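After this come two complexes, each holding subunit A, first together with subunit B and then together with subunit C.
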Partner chain A sequence: MSVKVEVSEGGVPHDRIMAIGLVGSLVAIYLTYLNVLTGTQLFSFFGGIGAVFAIWWGTDSIKTLCSYGIGTGVPSAGMISLGSGVIAMLLATKMGVASPIGAVIIAAVLGVILGFLSDKVLNMNIPVMIRMLTELTIAGALILLGFSSMATGSFAFLDMIAGSTTFFGIEVATYSVSLIGGSVIAVIFMLGGIAIQHPFNACLGPNESQDRTQMCAAECGFLSMIAVAVMSFAFLSVGAAILGFIVAFVGWIYTYMEYIKLSKRDAFAWLDAKPIREPKGGA
Partner chain B sequence: MSALGGAAAGGEGINPTASVIGIVVLLIALGITFFIASTGGTIALIGIIIGGALIGFGVHFVPVGGAPAAMGQAPGIATGVAMLAAGAGLAGLFGGAWAAELGFAVALGAGAVGGGLMMAITCLMVNVIYVFGMGIPSASGKVDKDPITGDTFPQYKSQGTEGHGLPFISYVGGVIGGTLGGLGGTLIYLELLGVYEAALPILYNVPLEEVLPVAVSLAGIFAVGMFLINAVLTAYNITGTIEGPHDPKFKRFPRAVIAAAVASGVCGMVAIMVVAL
Partner chain C sequence: MVENLVLGIGVTALAGALATVAGAAEDTESDIGSQGDPNSQVQLAPQMGYIHRIYNKAISGEPPAYGLWCALGAGIAWALMAINLNAILALIVGAAIAVFVQGVYATTAYLGRTASLAKFEQPVYIDILKSVTTVTMAHAFVAIFTTISMCYLMVAALGHPFPLPLLGLVWGIALGAAGSATGNPFYGKERQYQEQKFGAGVPISASGNIVRYAEAGQRSSLDNGWFTSKLAGPASGICFGLIVFFELWRTVLFESFAAGWGAVIAGVVIILIFTVIDRYVETWARNTFGPYAEAPAEAEEAAS
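On to the complex of A and B.
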């Protein structure tokens, strides 16, 4: 048993953050299904919103886990989260409409097993280990499913392995120009992994405050979403991809400004260092 | 290294009840795989389990220093277990994946050499920076004498530190760890690639050449995911820093081998289910 390091007191309880993150993420990912119902691709960006919800929730789970001295640094929690999440998510995409729910269930089973292995077999003896690794695995699976459905406009396995390319003006179906065939999923993996582990790693310390860490998480999520929006130009119509990019960019600008505000609030003092001015008439 | 400076967790010894439960979970995973993917899938899963156990064992050899090593207060490479293992193992995995067409043994060898080479270069440059950049000699804090070269350490060890630099035994450990990690990662990749190459053409009724990118990419992303899971579980076992095979913490490896085998078994079962269901 290790010493519990105190993190910020008060704030929103973890249970409420988990509920908001899980429900918000699932609802947003399911909203991408409007693509199928309406026959457009314009609703793809909801996948990215779902991933941001999952990142926001996962950050608080990492904070709860890492407030115990796990001895391996914060990034390792992000790596195991996405590493197990990708396995659950890829199997879940085979389930058709039930994919997001399936991802949660499969990830929960994997997460409980991994948590048991860490807590009992490896003798970590951390009270929250099993629960937090389960949450992190679910969050990892939802992040990947959200970003993947944003990039391709669908959360079905077949749409992720098959794409189409124009060959001398003729549309040809191909497996290599697709989310999985083109290994775009590996980029999404790292984008999600960095976004989930960075916020607490950056904000931890005696002056850590929950709203600032959570705002940093949302900011990282939208930053990754911008990159996914750029990748979605390869799979979606230009209009849908531009809409996703605008949503991600506006979200990122807003959360970034808020984060800077909160950082200034928590700072002891800050200096708005201006760029060095050129003297008039040249140096 | 704990980011928050909490005391390292993880007592010594094996928890027998939990280990037995873990092995039962492993056998259940094997049984389910046999049920849905018959003998071929089960053999592939056994390969994946061996690969995972190799990763779990290999990571214990890697000299991990964490943040204290960056300040010259502990021996080893100045980063966390998960990052180092991912760096070495993924380098090996890419090497093995590149050689996958040249046959099973060649690909495994290429993966092992790739991982070992990555760690050899890392350890060399770490020592160059320690010795010529930071001006500190290599001295282990856990043993008085290097088991291979016989060099003595105590007179070079600064007071108040746990040793510093990267002694020869740690260098050798790093190369062995990278080799085992690369071998394990490549083994997982090759087994999964075999399963997908056999199943995907039948599943989607297309020639293998067309669906090959999907098979390679699926096997690759699953291998990366499983590698990271095994590396982080091993990192949890080490809890922080380890100097290499001469460190007392090295004796904890049976726990990590059990945990990595069970985790690989369950994750491998899920990965095979993607095409078997």
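On to the complex of A and C.
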């Protein structure tokens, strides 16, 4: 589709979505630090909530960027978001408590460089390119950091490369059973990359409406969170992993039901086992 | 040494067979769901006035989508194996959860795209959602399970250095690419345009005029799966099976030569041989069936 899609009437302005997404994501990811303060792993699921906020925000950024006639570029926008975000996220995990803030700052710098290269050097000439690529890089970094901290219970680099395995009843430290050593981060990369691009890709068209697209974004976020919760069984205590799973599942059921309701509201007709109705004066 | 080699060749053959099944299932799944490039015509049809009952599974290109499904299946299997679950069970649970995610994505894509076409009077058909989604999920399960089983064989039997989730990602993308490149033309260029003359291409005036009616009643996406499973699915299966088989075969046989360079040289030789074969097949097909533009005139001459 090469039609410029205007922001839906009565929609929430993009700046407000960005503010809610950025602050919500940062606060939620910081709440996983309660794990360290209380000595449990029960607060890991907040990382997933943070990633859902970032996906929700990133979806609107992709929509703003792709409204300039780059319909087939929607999935690519998701990939560049997570692809540049992973660099910022990995660097930031070395910063200790400052990791989430660090991820935002490094991603912002990286995003401006990438945006400048694509807009000015590759001459794509899209007015919002630099800003949206910056936002997408930050969102990508926060999605990765959020899901990683949900899976491991921490946003520190050491906890992401070190794991332990039981060898003849004795616990031994190993790098291969860890988030990065086991390449679980590759799965998180794909979960985030598809989730951030899917809502606008799925809802684009002349009757796209913002609340439906954003509900789909939250649904995709919680769906990815379910998958991360299952994988977190390898790293967290059973109780913490089950809690994460329940939170993700409840969130997903709610948003999925709401999304179906909104689709029903927007659809031309909602038919069950009915034939094709040729339009008047149509083909 | 010889025993290792025999085991390696056996595993290679088994992995190739799994990949063949995966390729066939993947292409049939994407054709039933109208994913990949044929999707653009399904999306365009209502705008040109052709209301249809075809599934519209716009998730992303097939390579990234299958990259996610296979990486997710492999990642969950890896996590369950890390807490000492049986490998076969872990692979099945991994594939099942990945298919759940695939099914949910498919429904949101159909609902979203169709609801956004309300202006062109395209209704949402709930029966399509109920009957077709489950069929694509079944095919996707076969594709994902065989692919991650093949990845597990590479790790467990051939000692591949990559962790399972990364292999799942790499081979998932390869699977999606193989199905997208090999099988999709049969759906997107042949099936959707059966009302056009053979070899006519897709003129702009025919855009969106896809096959919507059947011999009796109306076409559903399940009919497209039936149609493409005859040639497109097996062709994709052979493509992906050969990719996996030759990839492992050259490594198992030639890795011990020249400090690993033997496998690289064998890979280059295989690519060159296939380039020659492909070129021969292409020129043969063009000479036998083409050129397209003059075909109707020749046919008239032959008739008169």
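In this section, the second predicted complex is superposed on the first by the 262 of 283 C-alpha atoms of A that agree within 3 Å, B and C clash if a C-alpha of one lies under 4 Å from a C-alpha of the other, contacts with A are read in each partner's own complex, and residues count from 1 in each chain.
Definition applied: a contact is a pair of C-beta atoms (placed from the backbone, for glycine too) under 8 Å apart; a residue touches a chain by one contact, two chains touch by 3 or more.
Because the structure is predicted, anything quoted here is derived from the model rather than measured.
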item	value
Touched partner set for A:M79, first subunit B, second subunit C, both or neither	both
Which superposed partner A:C66 touches (first subunit B, second subunit C, both, neither)	first
Partner chain in contact with A:G182 - subunit B first, subunit C second, else both or neither	both
Touched partner set for A:N123, first subunit B, second subunit C, both or neither	first
Touched partner set for A:N201, first subunit B, second subunit C, both or neither	both
Subunit B versus subunit C as contact partner of A:I87, first or second or both or neither	first
Subunit B versus subunit C as contact partner of A:I113, first or second or both or neither	first
Touching partner for A:S164 - first (subunit B), second (subunit C), both, neither	neither
Partner chain(s) touched by A:T38 [first = subunit B, second = subunit C, both, neither]	neither
Overlap of subunit C and subunit B interfaces on subunit A (superposed complexes)	1, 74-75, 79, 176, 181-183, 186, 201, 204
Partner subunit B, residues of subunit A touching it in the complex	1-5, 66-77, 79-80, 82-88, 90-91, 94, 106, 110, 113-114, 116-118, 120-126, 157, 161, 174-176, 178, 180-183, 185-186, 189, 201, 204
Interface residues, subunit C side, partner subunit A - complex	43, 48-53, 58-61, 64-65, 67-68, 71-72, 74-76, 78-80, 82-84, 97, 101, 104-105, 108-109, 111-127, 162-166, 168-169, 209, 212, 217-218
In the complex, subunit B residues that touch subunit A	1-11, 13, 15, 17-19, 21-22, 25, 66, 80-83, 86, 206, 210-214, 217-218, 220-222, 224-229, 231-233, 235-240, 255-256, 258-259, 262-263, 266-267, 270-271, 273-274, 277
Complex contacts: residues of subunit A adjacent to subunit C	1, 74-75, 78-79, 163, 165-166, 176-177, 181-184, 186-187, 190-191, 193-194, 197-199, 201-208, 212-213, 216, 219-220, 223, 226-227, 230-234, 256, 259-260, 263-264, 266-279, 282-283
